[in-house]
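Structure below; questions to follow.
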Amino acid sequence: SRNGYPEIIYGESKTAEQTAAIIEKLIQKHGRAMATRMSPEKAEEVLALHPNGAYKENSRLLIYGEPAVLYNGKIIIVSAGTSDLPVAEEAEWTAKWLGCETEIIHDVGVAGIDRLLSYRDVLQEASVVITVAGMEGALPSVVCGLVKRPVIAVPTSVGYGAHFDGLTPLLSMLSSCSSGMSVVNIDNGFGAAYQAAMILKLASEGASS
Amino acid sequence: SRNGYPEIIYGESKTAEQTAAIIEKLIQKHGRAMATRMSPEKAEEVLALHPNGAYKENSRLLIYGEPAVLYNGKIIIVSAGTSDLPVAEEAEWTAKWLGCETEIIHDVGVAGIDRLLSYRDVLQEASVVITVAGMEGALPSVVCGLVKRPVIAVPTSVGYGAHFDGLTPLLSMLSSCSSGMSVVNIDNGFGAAYQAAMILKLASEGASS
Amino acid sequence: SRNGYPEIIYGESKTAEQTAAIIEKLIQKHGRAMATRMSPEKAEEVLALHPNGAYKENSRLLIYGEPAVLYNGKIIIVSAGTSDLPVAEEAEWTAKWLGCETEIIHDVGVAGIDRLLSYRDVLQEASVVITVAGMEGALPSVVCGLVKRPVIAVPTSVGYGAHFDGLTPLLSMLSSCSSGMSVVNIDNGFGAAYQAAMILKLASEGASS
Amino acid sequence: SRNGYPEIIYGESKTAEQTAAIIEKLIQKHGRAMATRMSPEKAEEVLALHPNGAYKENSRLLIYGEPAVLYNGKIIIVSAGTSDLPVAEEAEWTAKWLGCETEIIHDVGVAGIDRLLSYRDVLQEASVVITVAGMEGALPSVVCGLVKRPVIAVPTSVGYGAHFDGLTPLLSMLSSCSSGMSVVNIDNGFGAAYQAAMILKLASEGASS
Amino acid sequence: SRNGYPEIIYGESKTAEQTAAIIEKLIQKHGRAMATRMSPEKAEEVLALHPNGAYKENSRLLIYGEPAVLYNGKIIIVSAGTSDLPVAEEAEWTAKWLGCETEIIHDVGVAGIDRLLSYRDVLQEASVVITVAGMEGALPSVVCGLVKRPVIAVPTSVGYGAHFDGLTPLLSMLSSCSSGMSVVNIDNGFGAAYQAAMILKLASEGASS
Amino acid sequence: SRNGYPEIIYGESKTAEQTAAIIEKLIQKHGRAMATRMSPEKAEEVLALHPNGAYKENSRLLIYGEPAVLYNGKIIIVSAGTSDLPVAEEAEWTAKWLGCETEIIHDVGVAGIDRLLSYRDVLQEASVVITVAGMEGALPSVVCGLVKRPVIAVPTSVGYGAHFDGLTPLLSMLSSCSSGMSVVNIDNGFGAAYQAAMILKLASEGASS
Amino acid sequence: SRNGYPEIIYGESKTAEQTAAIIEKLIQKHGRAMATRMSPEKAEEVLALHPNGAYKENSRLLIYGEPAVLYNGKIIIVSAGTSDLPVAEEAEWTAKWLGCETEIIHDVGVAGIDRLLSYRDVLQEASVVITVAGMEGALPSVVCGLVKRPVIAVPTSVGYGAHFDGLTPLLSMLSSCSSGMSVVNIDNGFGAAYQAAMILKLASEGASS
Amino acid sequence: SRNGYPEIIYGESKTAEQTAAIIEKLIQKHGRAMATRMSPEKAEEVLALHPNGAYKENSRLLIYGEPAVLYNGKIIIVSAGTSDLPVAEEAEWTAKWLGCETEIIHDVGVAGIDRLLSYRDVLQEASVVITVAGMEGALPSVVCGLVKRPVIAVPTSVGYGAHFDGLTPLLSMLSSCSSGMSVVNIDNGFGAAYQAAMILKLASEGASS
C-alpha cells in the first residue's frame, strides 16, 4: 500500500478458505497476489478456486500476476549448498514478482572457497546480494568482503545438532565481522527479497536530499 | 577497500597502543580513520598520540578526517527512547563519516503512537530509515509500515529482566510482520549506518542491469 | 470454588474417559462445565457420552451450560492477524462462559497502523482489553497506549524461526514500555479471559475499602 | 495522558541531567512526577536541583507530589521473603502515588504454608492482590487459589544458580495452574502496581456496557 | 550389582531385539528384569519372546519378577494433576519392584491448597516423599514444608508454552526455598523411586558410624 | 520447625541488620542459628552484634551453637577439584551443624580415575555420599556406580565458556545414566547437606510401615 | 580434493535425485562416493539408479567403492551404551572408507566403571580414540585420562528431559577437565572419523618441520 | 602422567597459596610446571615464592621449565583478529611448553579473504592447524578447506550482543560444513594446543597397527 505493493499473504497458519478469500480481494484491488509458506495441499485447494496462479513447489510460493514496473539493477542470490535452494528460490521468485531481475549462484559453500572466488567478477554486477546459508552461516561474511554493494543474509534451517534449526547461522550472521550486511529471520527468503526490492526501487527512483 | 573505504576499527578489545598503531597506518593510507566502542580512557590515550581526532562520548566513536564524497539522499534515524540515544548517535556519526546526510527523530516510542505519527510526513523524506529501540523493540514494525523505503532495525540493550540485554528486541525485530526491514546486532548502530551508506552509494551511483 | 466458578478442565493431557468423568462430576455439582485444549477426536468421544455440550472447533473448547450471572462492562479482544484467531476465540468463549460481554476486533497488526487506529474510539468502550498477537508481539504496547483500561496480553505461537513457538512475543510483551498491561502464557486465551472476567466481577460487585 | 496520569520516567539508563529535565517538564504540566530504578547517586543529583521530592531508598523510586484522586478498594501486596521487599515496596509506593490504598503482607513463603494461611481472611479484603516472589515463584499459584479477585504476579531476581536472575520464577508464574492471574516482568513492581491501579480505577468509575 | 539389584534397562532407544536379549541375560542371572520407557509396540514384541512379564501401559514399564527383600518404611508419591499420573505410576511400580511399600496421593495441585492440606496427617506416615508435578512445579516446595522426611521432586513435561516441556518446573524445583529436597530429570519417576528405595534400604539396614 | 530445626537464613540478599535481627530471634527460640552465603563484610557486622558465632570464610557460613542430637551414620563429601572446595565445605559445615558426622575426600576428578578408585573402600563406609563437581560434572555418575547408598550431586560454578556458570554440570548430573542419585541447585552445598541429614535422621529414628 | 578425498555428501536435506546426480559425478571423477544421513527410502531410490553401493542401515550411510590407501595405526571407537551404536557405526564405516583400521568397544558407560577399566590395555593400542556418548557425556573425560593419544568426543542425542537432544553431553564434553580431547557436533560420528583419519594420514606420511 | 606430562594447573579459581603449593609439588616431581588463567596479581604472588617462572601477561600463563623432548612437525596458529591474540598466545605457549614448534599467522579474518589466501602456501607446512576466532567464527571452515591436515577450532569471547560471550562462534564451529575439524571450549587455547601436541607426539612416535 504505502509502497504501491499489495500486502503479501503469510500462508503458514491460514486455512485454504481464508487464503483464497484474501487472494480474491487482493486480485480485485491490485490485479495480482502472492502467498508464502503454502503447503502443496493448501495450494492445490486454493488453485482449484483461483486457477490462474502458479505454485512454486520448492519455495512453497503461490503466485498470481506479474509486476507492473521493472527496476534497474540486479539482485544476485548466493546459496551455500544444494539444501539451501528452497530458501534461495523463495527469494528469487519474490524478487521477480516485485519487479527485480535476479540471478542465482549456487553450491558455493566456504569449505571450498575457490569455487566461490571463481564468481568474484560475476558478483560485482549485483546491485544487492542476498546470501542464503545454513550450517555455520559463514558465507555472507566472505561475500560481503568481496563486493561493494549491500548484502542481506538469510540463515536457513539446514543443519543438525548444535545448529538448532537455524539459530546458529542466525547468530553468526548477526555477529559477522564484515560491514555492510544485515540479517533477516531464519528461512526468510521472502523478507530478504522484499528489502532488496525496496533498495532497487530507491536506486531506480533516485534518492534526493 | 573493495568499496573505497578504510577498514573501521573495532576498538572494544584492543589496547590503546594497538588501536593507535592501526589508526596511524590508516591515516597514512586513507587520510582518515574511525574506531568504534572506545572507552573514554582508551580514547584519551589514543588522542594523546594522534591529537587531530574527535571523540564522541555518548557513542564512544573516535573519528579522524572527513568523507571525500557526499551521497544523495538522507538517512533518518528514529529512536524509541532517551536511553537509546547513544546507539542512535553511533549510527548518526558513522553515517556522516561515510558521506551521508542524517537526521535524528527521538523519543518516539510506540506506547505513545501519536508522537510517532506526527512525524509521518518527515519520514517520507528518508531514503533509508534506521530504527533504534530497546525494550520490546516494536518501533521498526510500525515505522516500516509508514514508509516506502528500506528500514534497518537496531535492537538495543536498554531494558531489564525478560529483555536479556537486548535479545528480546533482537528476536522481535527478526520476527516482525512488516516487510522491507532487516536487522543488525544488538547496539550495532555502526553496522546499520554502514549498510545504509552502501544503499545511498548505490542510489547515487545508479544501478545498471 | 472460592470465586463461585466450577474448576475448568485442562484437556490437553487427559484421556477422553478422564475428561468425561470430571465433566459429569462438575455438571452434577455446578450444572455446567468447560474443558480447554480438546482435540476434535477427544471432544467427539466426550460428546458421545455427554451430548448437551458444544464443541468450538477453532478454539478447541468443549462447553456445557450457561453463566448464571452477567457482569457489567465489556471485554474487547484485539487480534493481530487471521492466524491468531483461534487463541482470540479461546478468550472470547471463555469470557462469555464466565458471564462477560465480548467483542473481537481482528486483523489489526501494527504493520498497518491505520487500520488499528480506525478502532481508537471503539476501544474506549472496553472495560478490559485482551490483545492477541504472534510474530513480534508489538500489538499490546500500541493498544495499551490508546486506552485507559487494563490490558492483558496473550502471545501466540504464530511465527517461525527466531519466533521460537511464541517465546519471542512472550518476552517482548513482558519487556513492553507501555504501562498498565500484564501477560499470560503463550496461546493462553483462556487465562487472559479468566483474569478479565475477575476484573469485571470486581467492577460489578464494587471495590470497598 | 490517555488515562490522566503523567508518564512515569524509566530512570535506569538516563543521566541525572536528562532525568531532572523531564521531571521539570512533568511538574510544570502535571504538578507531580515519578522516576523508577534511580540509583542513590543519581537521585541525590536530581534532588539537588528539584528538592521537593522524596527518595525511597529500598525501592529506588524518586517521587514528587501526591495523587489528586483516591480510588475505592485496596491492593494487598504479598511478599515471599525478606529479600523480595524492595520490589514489593516499588509496587507499594507506585500504587500509593497512583491513588490506591495498599497493605503489605511479608515473609509468607510457601515453604511454611501455615504462615501464609494465617492471612487467609485478611486476603479476602483485597480488591487486587500483587504477589512478589523470587526463588521458585510458587507463591502466586497458592495465593490465587485463596482469593476471588485478580492476582498479578511479580517474579524477582532473588535466587541463584538455576534461578537465572529471575527467569525461573517468571516462567513458573506463566505456567501456573491457578486461573485468574497474570504476570509482569522480573522485578517489575512498578508495572504490577500500575495495572492494579487501572483495575481500581475501573472499579471506582464503574464498568458500563 | 554393587547394590544387589540387576541393572534396569533404558528402553527408549533400543530395538525390541536388543531389549529382549538383555532381558534374557538379566533373568538368567538375577531371576528378574525391568525396562523403562517401552512403547506398547516394543513391549508386545518383547512379551511375545518372554511372556512372563507385565506391561504397565500408563507408565510404559515392562516388568519381570518380584523383589526378594521388602524394606521397612513407606514411600508416598504425591501427584499434582491427573495428567501427571503416568510419571507417578512409573515411580510407584519401580519402587514396588525394588521392594518398597508405596502409596499415591493424586490431584492435589497447589491451586487448591486445602485438598493438599487434608492429607497433612497421611503425609507424616511417609519415610520418603516423591512429588510429581508439571506446570509451574510448585508442589514439592509446599509438601517439603509439611513433612520431616526427605522429599524427591520430579518435574513433568505436562504443560505448554513457557513450560518448555518440563524445563520450567525443573528449574523451579531446583530453585526451591524449601530445604530437604532434591530433584531428578524431567519425567524421571524411575530415578526418584530408585533413590527413594536406596534410602529405605539404608534405613532398613541401619546406618553405622 | 516441622522437623525440629530452626529455619536457616538465606543471607545473600539480606542486609546485616535484617540478618542480625533474625539471628537474634532464632537464638532466643532455638538456642542456635545459621546463615548461608554471607559475605565477609556482612558477617563481620553481624558478629559485632552477636559475637558468639563462627564465620567459615571459604563456605561463607555464619554459625551459632551446636546440634542437640547426633545421628548414626556418616556423610562422605567427594569433591572433584581444589576449586570446588568452598561448596564442599558449605556441605560439610551444614551437615555438622545439623548433627551429622562428615568426611571430605577431595581432588578426585574423573580425568585421573585411579585416584578416585583408590578411595573405593573408604566410600563404602558412607551412609550418604555428596559429590561436588564443576566443569563437566561427571563425578557423581562414576561415584554412584561405586556405592550402594544414596548419592546427592552438587554442580558448581567452577568452569568457563560452555560451562555457563554451572548450567552444564547441572544438566549433565540430571541426565546421568547412574541410578540412585538426585541433584540440587548449582553451588548448593547447603541443600545437599540438608537432605543428607534428613536421610540420616530417618535411618537413625527408623522407618516403620 | 586438497586432501585427495572426494567430497562426502550430506544427504539429510537433499532429494534422492539430487543425491544420485552428485554420486554419479563423484564416481566418474574419483571411482567412489559416500553419503551420510540417508533415510532407508532415499537410499533405496539411489541404489535403484546406482546399484553398486552398500547401505548401512543403522548408521544411515550409503557407500560406494573402497579406499585406495590404508593408513598405519588404529582408531578405537568407545561407545557408552547400546543406544549410541548407530553413531559409533557412522564413525566406524566412515573411518574404514577413508582407509583406517577400526575397532569398537561398546556398552562401557561410566556408571559401571569396572567394565570400562577392563579395556584399559586394549585402549593403549589406539592411535586415536573416538568416544561416543549420550546422557551426561562423561565417558570421554574418563577415557582421555586413560590413554596418551588424542581423543575425539562425539555427543549423541540419546537421552531425554534435561538432555535437550544432545546439548547436555555436548556442553559437558566441551567443559571437560581432561586435556587432550576435542569435540564434534551432536551425533556427528562422521566428523569425528574424518578428523581421526586426517591424524592417521599425518602419522603415516610423517610430520616434518 | 599416562602421557609423561605433569598435570597442568587450572589457575582460575585457586588461591595463590593453593597454586604455589601444587607448583612446588610438580617441580619436585617433574622438574617443571605450568598454570593457566592466572591473573597478574596471583602470578606475582606465586612468583614471589617460586621466582624461576615466567609470566606471559597476554595469555595469563605461568610457566616453569622447558620440555625434555621436541616433536617433529609444526603447529600453525591462525588468528582472526588482533583481539583474539591472547587466546592464540595461550595456544602458542602451551604448545611450546609441550615440546612443539609453532608459528602464528594473525589478523586474517574472513571479511578480507585475500589476506588469508596469501598464506595458502605457508599453511601447507603445518602438521596441525589451530584456528582462533571470535565474532561469527567463520575462520576454521575456510582454513579447513585449504589444508590437508587436522584443524582444531577455538572460539573466543571476542564480540558482543548476539555473540553471547563466545557461544555463537562455538556453535557455528560445531556446525561447520568443512570436514576434518574439531572444536574446544570458548577461549580454550590451552586445550587446542594440548590436543595438537598429542597429534605431533603420535606422528613423531609413529602409529603402528
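As written, the chains take the letters A, B, C, D, E, F, G and H, and residue 1 is the first residue of each chain.
What we mean here is this: a contact is a pair of C-beta atoms (placed from the backbone, for glycine too) under 8 Å apart; a residue touches a chain by one contact, two chains touch by 3 or more.
What you see is a predicted model, and the numbers here were worked out from it, not measured in a lab.
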item	value
Neighbouring chains common to chain A and chain D, by label	B, C
Chain H and chain B - chains in contact with each	A
Length of the line joining the C-alpha centres of chain C and chain H, rounded to whole Å	56
Chain D and chain F: spacing of chain centres that average the CA atoms, whole Å	36
Chain F, residues touching no fewer than two other chains	10, 81, 112, 145-146, 161-163, 167, 170, 174-175, 177, 179, 185
Chains touching one another, given as label pairs in label order	A-B, A-C, A-G, A-H, B-C, B-D, B-H, C-D, C-E, D-E, D-F, E-F, E-G, F-G, F-H, G-H
Residues of chain E defined as touching chain F within the complex	2-4, 8, 10, 71-74, 101, 127-128, 145-150, 152, 170, 174-175, 177, 179-185, 190-192, 194-195, 198-204, 206-209
Of all residues in chain B, those that touch chain H in their complex	1, 7, 10, 12-14, 18, 22, 37, 155, 157, 165-167, 170, 185-188
Residue numbers on chain F that touch chain H, as the complex places them	81-83, 112, 158, 160-163
Contact set on chain B toward chain C in their complex	80-81, 109-113, 117, 135-138, 141-142, 144-146, 159, 161-164, 167-179
